[in-house]
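The same chain A turns up in both complexes below, where it pairs with chain B and then with chain C.
Let's look at the complex of A and B:
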């Protein structure tokens, strides 16, 4: 227990400490206290910091929205038993247990503008080739697409567990009262699933905000030459390990952490209101 | 008569219509998730000429050249070994620390400690990485196995505690009470009664922890040296070459993903129960 606290309290405390210093260049270089300078620098920076905040939010909210809808659809498809269910479940497990770096490499090949399979498939149905990861405009949507591919299964499995744990009686009662399938889902199943859906949102939102592997593997430091994939996580990483600007990076990290905490707090707050 | 049979027939027809819709959708789901993975595996058996040739995406003569290249030139076995040894050590040590911690938190309802675990889940990994890098670089430890194992423990312990806490919560308190009445110490009750019963929970936690450690990229990127590099970093390094050698990258990615797929096939039940730990309780 002490171990866990040490593991978290020490790094966090050190990050807060560094965020008030001008530590730069090397970990051995001397540094001075600069008060809130780093925070001011970050919060007034409209070229890197705020766009990164915006991209973090777009990425998280965009991916989460698609993942929830598709995940619920898949969970409903898998809900009632059928032949071969076990196999479909294994298949659905694969995308998000597979190594993210391998997944990212795989999509880089598939999305390659010249030799990628994606553009070939689009060609068959008469859609012109897309630049996918190679143009600043299409990069973020393509990355959201890959994240949706990778993590919709996780949402589906969490929701499926929730569906399986539901009792059949409310559904049966609604059926006897003459509700059709859509009404039963919308008015009976979904309200009962609300707590599970919230847990799924929470788990996924935490990880989506922190996405690193996919973004870094596809676009590298700084999120590509136009910073088109630079979320707060990538920005903080680039500041630390490319620019060695540890002080500023720490300030960005503290702001990032506060943002994650805030969104989690908002989610649990909504949850408490609902249960009241 | 016709009035009584008609609804039955209509209902059955509706049911078969839904059934076929469902089959179509399920096939679509499977195709969506399997085809990209198969594409990766297929590309690993193609020559780079075949990969570049978009006129015939499905016809190629499979060969093992990419695998030979990966294993031959790039010290790849060393990276496989690194990934494996780091994941194994990190999982074992994390279990030794995490299982008793989870038990204590579950039984003595230590809300504050549980909150710390949740916090550990929320903290962005990189805000841990900066201070570690600071300390470890100053100590000259960056690039050692110990640092990698330690850093993985930071992510694994919260995962293990989180999964096992809900597992222990679901076990009746009477088990230990009975053991205490029979003359065991509290630690003895935990060791001899509860732990053997928790094997499925511990297996779940261990499998998920192993996968997390195996897949980890960010910590390895910063904290490994040339000799301790793990698979994800090794695969990523292929890209920095002048022209991307897609065949070799896909072969390396396939090798890296294979153990996880094997685990998923055999331990499906555990992975699912680990992921949904705490979710169904709401």
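Let's look at the complex of A and C:
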């Protein structure tokens, strides 16, 4: 209990407390209470805050959608035994076991617009060089690509565990009734897998929402020259560690916290309705 | 409840701004263990080898905590904010955090310490760097590494184009153009392009075009005609004669990588980084690198000439006397000479006057540094409390110019934003 209070309640309470102050420079420096000013500043800020909210959503939803589809495909592939399956499993899992910062550094080198490997490969097949991480338009899609590359294996593992736990009987019954592979997947396997898929979505969504290492390693403070990769997390980090605006940063984090709570609540609400 | 717990954990890991509870601080008064926090830097590598000598001499045990630049800044902000005593000696960037840290009372006042010992000789330190480690007439740090902005060039490419080393902005532009046209795949000019990281390298151009960040009254001057010309020139140089793929994310490692790979003819960056280009293990073109003083603009040649790093003492340290012993040892005339002989530009005048100190530097580089020293400006970014925020604002116009946008309009916008930042700090 004391552990919970110390590690969760105190930092949360302190962050809420700071969010109502104009703390700047150092939290040891004197500061004043400013009521909801920081919240008003954040919620009316259309140049940094709201674009960051939008990018956080695009990144999370975009990455999650691709990861679910690809993860399901890989799980289905690995479900039934086949020759060389052990090797395939190892290769598929590799990106997931590497350190995120190392992965980000690696992709930064690969995607370097002038001396990177990606553009060399494109050159061999006659496609002009792409800006990848260096243009405001292509940065977010490229980052989503790296996230998908890294975390699809995690979704695949969770889904594979679910598939392996399924009973074979419904599938066999459908087969006897003459259902083809797609029909069996869509009408039998997928509905049975729904709880597992929801768990996978929850786990990955929380993780994707708070992505920091990949974005910061690739684009640095502020998410690049045009803030093109600035999600709420990066924005809050920039506000606190670069701008030293602890009050405003705390308010942004509390708003972020409320958004996470809200989305989790919506997800579970949906799940409860379905189980009814 | 479970969701609440998960979400709480999310918030905590997401970036706890404030949960910087005291990190230890169990030092007893004047402990014999000295905690020294240093940045990853060639100076650190040179000094670390010698720390056993200091330990033998004093009987103290030195624990070195070494971090990258960004990690170092974050670690200080967390630890010093919390009043932690587990940092005694701190290596810091005076231009970036000096004012903020001094205003937050994170530093011990060293004024008495520095003037106490005539043989250690504080007056030997160059005035520019000293002005940056002094806050409200109190000395808060001792400068250790200095640097200024020089022009790196490729001797072979210049020779092939039949050109001499550019001494003015116009010549630099013409040479970059000619070399890029002559050598497909080679950029005429590279430098930092990222809005924040590029500010320091843009500063030399700004000053040489007659501009500055603000005037003596603290009014923003990034919207003046001189500043607009500098923004357009720097951005245009990179847009027209830079690498084939315009990239607005380049800090020094990315820009230097192009030069190292033989894909650039000119680069302007800090003199302290020369080893990255001159060392055959790092650079494919090490035998062709030339060094020149910063080219002159309409207002002359005005590169920055600054103290990049300094040593200070944490005001919460319980080991301040020993910390000072360490700083005195690390910045003594003998040590500065020894470190400079290994290629670290120090801040002591006497050492720069000693031929032994510069024997290992390329002769042309020493000449360029000396030339820059004559006209150098003592800061390379706006000296405000919120330096990081200011850098993003004043860097935006050259990013606009690099990407072909309207840099004049961007300069006007930056001027308004920078002015409101300056006003907010006056309160």
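Points to keep in mind about this one:
The criterion applied here is as follows: the second predicted complex is superposed on the first by the 274 of 276 C-alpha atoms of A that agree within 3 Å, B and C clash if a C-alpha of one lies under 4 Å from a C-alpha of the other, contacts with A are read in each partner's own complex, and residues count from 1 in each chain.
Basically, contacts are C-beta pairs under 8 Å (C-beta built on N, C-alpha and C of every residue); 3 or more make two chains touch, one makes a residue touch a chain.
What you see is a predicted model, and the numbers here were worked out from it, not measured in a lab.
Superposition of the two complexes onto chain A shows a clash between chain B and chain C. When the two complexes are overlaid on their common chain A, residue A:133 makes contact with chain C while staying clear of chain B.
In the superposition on chain A, A:88 contacts chain B only, with no contact to chain C. When the shared chain is aligned, chain C comes close enough to touch A:29, but chain B does not.
In the superposed pair of complexes, A:165 makes contact with chain B only, with no contact to chain C. Once the two complexes are laid over each other on the shared chain, residue contacts for A:221 go to chain C alone; chain B is not touched. Which of chain B and chain C touches more residues of chain A is settled by the count: it is B. When the two structures are aligned on the shared chain, A:250 is found in touch with chain B and with chain C. Looking at the shared chain after the overlay, A:125 reaches neither chain B nor chain C. Judged by the touch definition given at the top, the superposed model places A:11 against both chain B and chain C.
In the superposed pair of complexes, A:236 makes contact with chain B and with chain C alike. Chain A residues 7-8, 10-12, 14-15, 18, 27-28, 114-115, 206, 209-210, 212, 233, 236-237, 240-241, 246, 249-250, 253, 256-257, 260-261, 264 lie at the interface with chain B in one structure and with chain C in the other. The part of chain C that touches chain A in the complex is made up of residues 3-21, 73-74, 77, 80-83, 100, 103-106, 193-197, 243-249, 251, 254, 257-258, 261, 263, 385-386, 388-389, 392, 395-396, 399.
Those residues of chain B that touch chain A in the complex are listed here as 22, 25-26, 29-30, 32-34, 36-37, 39-40, 43, 51-52, 54, 57, 97, 101, 104, 113, 116-117, 119-135, 137-138, 153-154, 157-158, 161, 211, 214-215, 217-218, 221-222, 231-232, 235-236, 239, 246, 249-250, 253-254, 256-257, 260-261, 263-265, 268, 271-272, 275-276, 278-280, 282.
Of all residues in chain A, those touching chain B in their complex are 1, 3-5, 7-8, 10-12, 14-15, 18, 27-28, 73-74, 77-78, 82, 86, 88-95, 97-102, 105-107, 109-110, 114-115, 117, 120, 149, 153-154, 157-158, 161-162, 165, 195-196, 198-200, 203, 206, 209-210, 212-213, 216-217, 233, 236-237, 240-241, 246, 249-250, 253-254, 256-257, 260-261, 264.
Considering their complex, residues 7-8, 10-12, 14-15, 18, 25-29, 112-115, 119, 129, 131, 133-134, 206, 209-210, 212, 219-222, 224-226, 233, 236-246, 249-250, 253, 256-257, 260-261, 264-265, 268 of chain A touch chain C.
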